[in-house]
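The same chain A turns up in both complexes below, where it pairs with chain B and then with chain C.
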Partner chain A sequence: MTTTRLVVVAGIRDMAGNRWLAAYFAAFVVVAQSLFWFGGTGPQVVLSLLNVVLMVVPLVSLVFGAMHVYASREFVELLLAQPVRRRDLFTGLYLGLALPLTAAFVLGAGIPVLMNRGFGANGIAVLALLVAGAGLTFSCVAIATWIALRTDDRLKGIGMALAAWLATSLLYDGAVLAFASAFGDWPIEKPMLAMMVTNPVDLARVLVLAQVDASALMGYTGALFERTFGSALGSLVALGALALWCVGPWFLAARRFDARDF
Partner chain B sequence: MVSTRQVGIVGLLGISVVLCVRVAAAQIVVDPRGPVRSITQALEMVKAGGRITVRAGTYREPTLIVRTAGVTLEGEGWPVLDGESQRAVLIVTADDVTIRGLEVARTGVSNIEDRAGIRVRDAAHCRIEHNRLRDNLFGIYLQRALGCVIADNDVTAHGDGQSTSGNGIHLWYSPQTTVERNHIAGQRDGIYFEFSAGGITRHNTSERNQRYGLHFMFSDSCRYEFNTFRANNSGVAVMYSRGITIHHNRFEQSLGGAAYGLLLKEILGGEISENAFSENSTGMYLEGSSHLAVRDNDFVSNGWAAKVLASAVDNTFTGNRFEGNAFDVSTNSRSSNSTFDRNWWDAYKGYDLDRDGVGDTPFYPVRLFALIVEQHQPTLVLLRSPMVAVLDAAERVFPVLTPEALVDKHPLMRSPR
Partner chain C sequence: MIALRGIDKRYGTQIALHDVSLEVRPGAVTALVGPNGSGKTTLIKTILGLTRPDAGTVALAGVPIDREGEYRRHLGYMPQAGHFPEHLAVGEVIQLVDALRRGIAVDDDLLHAYDLGAIWEKKVSALSGGTRQKLSAAIAFRYAPQVLILDEPTAGLDPLACGILKDKIRRVRQAGCTVVITSHIMSELEELADDIAFLCDAQLQFSGPVVALLERTKQPRLEGAVAALLRARSGSRPDAPPRYDVENIPTLERP
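Moving on, here comes the complex of A and B:
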């Protein structure tokens, strides 16, 4: 555990001076603050931020995450020469990346909301947004780490990270839409919900949606959606699935790290 | 010889004695400690225009029937008239009767008769005010009553389903009724009008009812003002009526696939103005209705702000505010038979170069995604997905599928309120 702690601290120290991370933090502050400046009310700001979160958080976490893993290669090789457990080192590496990114997002989006008293009536919605964004960061960093550990070629690795971003953020929903139009005559509510669970970006979206757009989701005539989105249970399931999307890729990446010949 | 004067005095005395007796008869006090212990007894004694004061206590009597015109039946310290889950409690069959200050409770459920806490049958000009109605099948039931006033009553029940509960205030063939400042909760329909024209319903709160907060059919020329309808299972539904005015009401928190803030079906002519529709699955649902002026309403945080079907003809939407709705307008046709003009839409992204407060480009309130959801409901889970935003944007640039006719050519740049 000491190893993990040391590596995490080293990672955070390294990231603290990173210009890209500072820019990431600043971008959220500027976007959230300008949403308030341009006359946004609480729910509108949450929804506009949701769009940013769904696009930007996976993009930065995946691409920046992959780049960072490639950049830390020599550092890792150096540490592996010491008598440390690989799993501890890996955990430190992962957290040293995921924690600063999450903090940049949560603070960057949260501080303007706090300053403009955006919590108040929309407290749960804002909280859902922050939790969803944080979960998405952890998940995407794990996926990025896994990709970077599998692929030695940096260019190829970053290309794969970009492809993963495009797939999860845009193409996947397009496929779901196509599926729904093609099989619209069949009872597809359950498959649709299952499809939402198998994509972390959709999970994050649904988490926020259940708080902001419950009135619309409950307007669906089937009882399934009402049961899913009208109760806390639905949100808990989504949260659990998002947690699985963090643990799963993390485990894959960790196994890769253990087996890898550096 | 008896003088004329003496006759006069005796006569006067006689008249005053009679008057005294009449006054005494006019004010009957019912008290559990006597002398008059039951309302039944008081109702037998009371003369036309008389007054019965009921002192605090619980009265378990056979169904009470007020047959004498002009009687005032008034409670003091909230006497309870208990139906013991066995029977209807109070029936009025005479004109000009006033019922005030009573707690009428527990008619019990019957599948054979429509038991009511207070029923007015074939009578005119009754006043039913400041009563409490608790756990009755029907609360106040007017049946062929004319020109009655129902005011300041608190009607609550704990019905556990539509089939085992009745309506809070039920009007059947009862024209020109005024229903005001009542609070109704937990009944089947909060306020129900059928064949009851020319009524005024104002300042009522109707909430958490099993079915509709307000439900009327075949009731022309009625006004509904300053009411609040909240969290009713199916919202509010008004049907088959002409010339109605719905003004300054609040329609809130009607959630569910068959729940509507305000459902209008076959309503011909009328005005729907300055109402607030918020947090409903569907704010307003317009079907087969025509010549309605929908103006200056607020549609805020609804799933669908307005569903306007093609069967709704010649309705005009002006000065309305659409803010924070998942969908502003949806419809079932590419043509549009209603007009939207000078509304404020938070989704409008246009500009105003000549600074006249009206956007220079038109606004099409029906999104492509609204059409997709209309056809394939499960796609609703993709709401707010970036992919959907891309599709909507593409459709806005080259409208192919969304109804071009459904357009606001003069969208307001600033919120009117």
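Moving on, here comes the complex of A and C:
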């Protein structure tokens, strides 16, 4: 546990000096504040910010995460040459990357909302947005770490991280539409629900939209999800599935870290 | 001190080490030499537990190394190039490793010799390659290890820093530390090494005292002896490259 704590603290200190992380934080501040400046009210800001979060958070977490793991490889070798357990070290390295990224997002998006008293009646929706963004960060950083630990070729690994982003953020919607139109005459509710659970980005979207009165924006899978589970249970199921998307890839990455040669 | 028995290691279809058995004498400096890609770094990483062999065992002071890594308390490691988190200060890097080592008395010799205290607050990103290498050396020697593993330690160091490092290696050896060192600079190894292990084509071709190698190859210098081993090895292969007479390369003279 001491190893984990030490490595987390060192990771946070290192990331605190990272210009890209500062830019990530500043971008969220600017975007959220601009939405308020341009006359947005609570729910509008949450919905607009949600679109940004669903595109930007997975992209940054996947690509930056993979690049960071590749850049740390030699230092990891040095740390592994110390009397430490691999699992403790891995946990420290993972949290040392995921926590600062999450903090940059939560503070970047949260501070303008606080400053503009955006919590008010939309407190739950804002909280859901921050939780969804944090969940996406943890999940995507774990996926990126797993990819970078599996693939020695840096370019290939970053390419795979980008492909994962494309698949979850863009291609997925097309696949849902294609599936729905191709099998529209069949009872496809269950396969569609299963499809939704395979995508953390869609889960994050439903988790937030369930807190906002915006059924029209739910999309096919979101509407189906709400109809099947209802709003409260649906939120819990989405939250649980998103948590699994954090734990599952983390576990895979941790196993890979334990087994791989450095 | 270090005993490797029947080490096999493959990366996919490529054989990195094949049936390597090596005994590293306690308190001696053992040079690990061989052409690029011969498996030196893989062997070093196997001793450190960074790379797991497909077959064979590694024992330190008679105790097989385990997955827990506690045995690395007795090891110091200096990699080929010092890489540290760019936004940490020199002091933060050292304090991190100190904390991971938990309460071991530290040897500040190299820290002072390289004047790293003067750049304690400086970020790693502002350090030159040579200074990073000095930091790496200071960390490797800092915990008074029983076994030191140095992977091309003088690469990137200026002559003065190089001299300091070589002097330190001699002193820890006198104090009973076992040193395993790789380098492509044979004159440097000639100064430091008691024993030599020659790896080629993933196999250990020779291991023993440097003097024994010189006698066996009938060469006065280590460079010539290693070249003779390489020639003997490559000469036995059908795809052997053309020979170059490394002993008779003319020296440049000052006009």
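We adopt the following convention: the second predicted complex is superposed on the first by the 243 of 262 C-alpha atoms of A that agree within 3 Å, B and C clash if a C-alpha of one lies under 4 Å from a C-alpha of the other, contacts with A are read in each partner's own complex, and residues count from 1 in each chain.
The rule we apply is simple: contacts are C-beta pairs under 8 Å (C-beta built on N, C-alpha and C of every residue); 3 or more make two chains touch, one makes a residue touch a chain.
Computed from a predicted structure; not experimentally measured.
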| item | value |
| --- | --- |
| First, second, both or neither for A:Thr2, with chain B first and chain C second | second |
| First, second, both or neither for A:Leu239, with chain B first and chain C second | neither |
| Contacts of A:Leu79 with chain B and chain C, given as first, second, both or neither | second |
| Partner chain(s) touched by A:Phe262 [first = chain B, second = chain C, both, neither] | second |
| First, second, both or neither for A:Met15, with chain B first and chain C second | second |
| Chain B and chain C footprints on chain A, overlapping residues | none |
| Footprint of chain C on chain A - complex, ascending | 2-3, 6-7, 10-11, 13-18, 72-75, 77-86, 261-262 |
| Residue ranges of chain A touching chain B (in the complex, touch as defined) | 41, 43-44, 47, 50-51, 54-55, 169-171, 173-174, 176-177, 180-181, 184, 188-189, 192-193, 196, 202, 205-206, 208-209, 213-222, 225-226, 230 |
| Of all residues in chain B, those that touch chain A in their complex | 255-259, 279-282, 301-304, 323-324, 326-327, 346, 372, 375-391 |
| Residues of chain C touching chain A in the complex | 11, 45, 48-52, 67-73, 75, 77, 79, 81, 83-88, 92, 96-97, 99-102, 123, 136, 139 |
